[in-house]
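Working notes, beginning with the structure itself.
Going by the order they are written in, the chains are A, B, C and D; count residues from 1 in each one.
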């Protein structure tokens, strides 16, 4: 089996072992947000500090249409299973490498050894930090499965099998590539979900790389996004009752306020973050 | 000028003086949400209380795709200026009465006298509760402007002017009509924005009428929506710092935490709601 | 009543009596289409003529995702009734002047005298070329209705009425303004519909102004659009049967092939365009 | 390795070796299209034949908003590589089985022997009808690759590896499952593209199964779709020049009209379909 050298386009930021994110183009900046917002809200003053105030106001009050006036275009390479999560965000424009047209290179995602961790019992969609047994051997078997399936793929192409069928036993750890274009408002929604600690590690690192790019291109909007969204906490109606009590300095037994056990746990987490400990689960 | 009697289709819920909302059809219910969610999360148990738990979990964690599996179709009549705000929600299907094809009836929105209120100084997009001077006379002049413009419209139609042009001087207080179809997830987004106290009164009443319908059709999802979204409060990164202090029982001078004056005011409001008063604006 | 001088931003292309279209920004060009297409279809050759060949291939076969990689942002001013047709294209980003926030200037659409034409009998949504009686007087009455309603609006603002209500009797001939951003694929869909002879004249002129801009920015894509879409003709299944006969040089009685009278008329039109006259309606 | 028996929900229409399409729910029918169209076009008459005439008019003139008033919800099981093509249609609501949450069953797509065909030279994304050499052996190796990778997957789960990682070497021939909900207008767009002879066989059979369902539920709309879209032919600007000549009975050398060789071939195909043979490629 051939092993093709992994190449990267100029300006690519490497992500995972063979992936990348590359900013192809951006339309607009913080000022473009202000410019279009002023169509709605009138001319008014125009100092930089007032611009920032306006952006923060828009973000705080979820007046998001001016954010849509900035557009980012990325070129990315990621494993297919990551692409499958990513594509669920429907408001983007996508042009993906087609395995019907093109022969796929033999680039597979090989997780770092420390990522072979065990399933979390609490979180059905997450892992623990603990490694599985025999991680080194498992890592080797990952590569073997990938190499074997690619060997078969090559053999099928050698038989001149239609490409669209020859590829169907390639695993979702295979890297694919696409152009992905999205406006800032929807990009921030994507980043909020995919930078979250509940997102799978392998997509989170892509989101983080894109977050760094966005931060550089629209620093004011990014700061507002951090303050009002990313690092904010929402308290539910039930939690607000708990909060009222806590603000009076009272001890709270969560079982009296929140019926659902899982929900109680989530509430407890929030109060821990706030450094409040006069609260018990049941 | 003719004055056409205002008619309503069967099942219409009257809104404003001549508008209505009517549920034409609904696809699915609380159980449909559960049904499609179980495709993702596996079979598991199936008691009603567990169904409700699942719906609440989905809503709390913004796993919104199962909510998209319920679809509502409404038939509505509203003033054009309300339709113009409404249509900004792009995820719906719309089929509107066309003034190019059809002659428009002479149905205009005539606000109740108590709604002729003055502009708020703080809130550039809102009103106070105070009536303007000469409200009775103003109300009469509203009707006169409407009647005059409709009279002209009729005269133009009498001249056989192309309908698409004859209508251009009809005011945005004229009622229009449409079919509007949307999935539950996007409908709840719409309702959250348009039932909000910052929404214009004249669209809020439509949102409230629709909210009542939704509540009846998907009571579990609606309850979760109330608890986790409608009646929740989000605390920004800056406000969380204030909250930490408050939970220690300390007095807080907001000026030390939040630079922007307007933002301080918004923060103060939240703490008032929570009954916490050891807090000053500056 | 004040009469405000109509002003235009730099770079505005005037449309109708007081409207404009202005290109604010564009992301990408013909080459960007090629660049993203090559992600799907592989590297291949790269001469300009091959680039054009690729763009034409994409357009001909409706492989439209690479077209979505080009983005246009416009700043426009148009009458509200035009904005209402325009906004039905849901795939764009929009930020519109808000009459809740801002006082509207007294800019109304005053049609040129030759546009006061009569209703078409055949086409329920169109006009004839013939002027209505008393067109000069009608034009004057248009202005009077507009001036009167604006006078009332000013009076209400003078009473400090909430702006969001004071505006509701302003007619849909009032000019509004927005930023509008859209990708090339969806823009071409918009232009195809709105440059069509069935579109209302008053929106068609905006579409044509935008078409000129698009043509300049992506000349290859535009040419392909003209050849394969704008100036193409679709023959229905029934019309193809007629075409087969006609290609044998036979005379055709449309009534034998197409039941619906209106449809027969449409078919006849197509054959007229092709210069074929051995065809009768019934 | 276990081999799980393949099960189907009630009402499933089997597609490929282990997939299915099942209609879960439908909102509306032909009459719903008419009902919402009459909001735009006025009351008028209401016989069944007039209803059909209206639907056909709407379809012929691409007035597609009334079609959006009908909604279909499907439950489907298909190989991942088919799901990846399918999901590119962004206007649908989707809820997919998550391999992060659930253990995937060992259901893989095993193509029928006659489908192991060779790559087309002309059509870079298609196959010929000819079988590759050693098809029987190839089919066996397909199964072996699938069984091996599933064996590894099971072993990883046995080590309690986080599910989201354990699945990454499963091939795109693995079956996945989803709920998919879409309005009729967008569904017809999907079917037009995916029932086309250029679509990959493995998605085409799903489209055809859905087409049968649609045909049964909205027979008038489906007939119009066939007549005006599915079985229509579009002639480009260049081809219309050829058509004019042909209608005069003249012989045509395509090279004089169409520069691009591939495009000439496409033009020739259309004239063959029409039974016109006085035409040469060059």
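Keep in mind that, in the parts below, a residue touches a chain if its C-beta (ideal position, glycine included) is under 8 Å from a C-beta of that chain, and two chains touch if they have at least 3 such contacts.
Being a predicted model, the structure only gives us computed values, none of them experimental.
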Homomeric contact chain B-chain D: same or different residue positions, threshold half: same
Pair exhibiting more inter-chain C-beta contacts, A-B or A-D: A-D
Farthest chain relative to chain A (centres taken as mean CA coordinates): C
Intercentroid distance (Cα basis), chain D paired with chain A, Å: 30
Inter-centroid spacing, chain D versus chain B (mean Cα positions, whole Å): 38
Junction residues of chain C, two or more chains touched: 41, 65, 88, 94, 98, 101, 124
Chain D-facing residues of chain B, complex: 24-28, 32, 35-37, 39-42, 65-66, 68-69, 71, 73, 75, 93-98, 101-102, 177-179, 181, 183
Contacting residues of chain C [partner chain D, same complex]: 41, 53, 56-57, 60-62, 65, 88, 124, 193, 198, 226-228, 231-240, 243-244, 246-249, 260, 262-263, 266, 273-276
Of chain D, residues touching chain A in the complex: 79-81, 84, 87-88, 90-91, 94, 98-101, 109, 111, 115-120, 124-128, 132-134, 138, 141-142, 145-146, 148-149, 152, 155-156, 159-165, 167-173, 200, 202
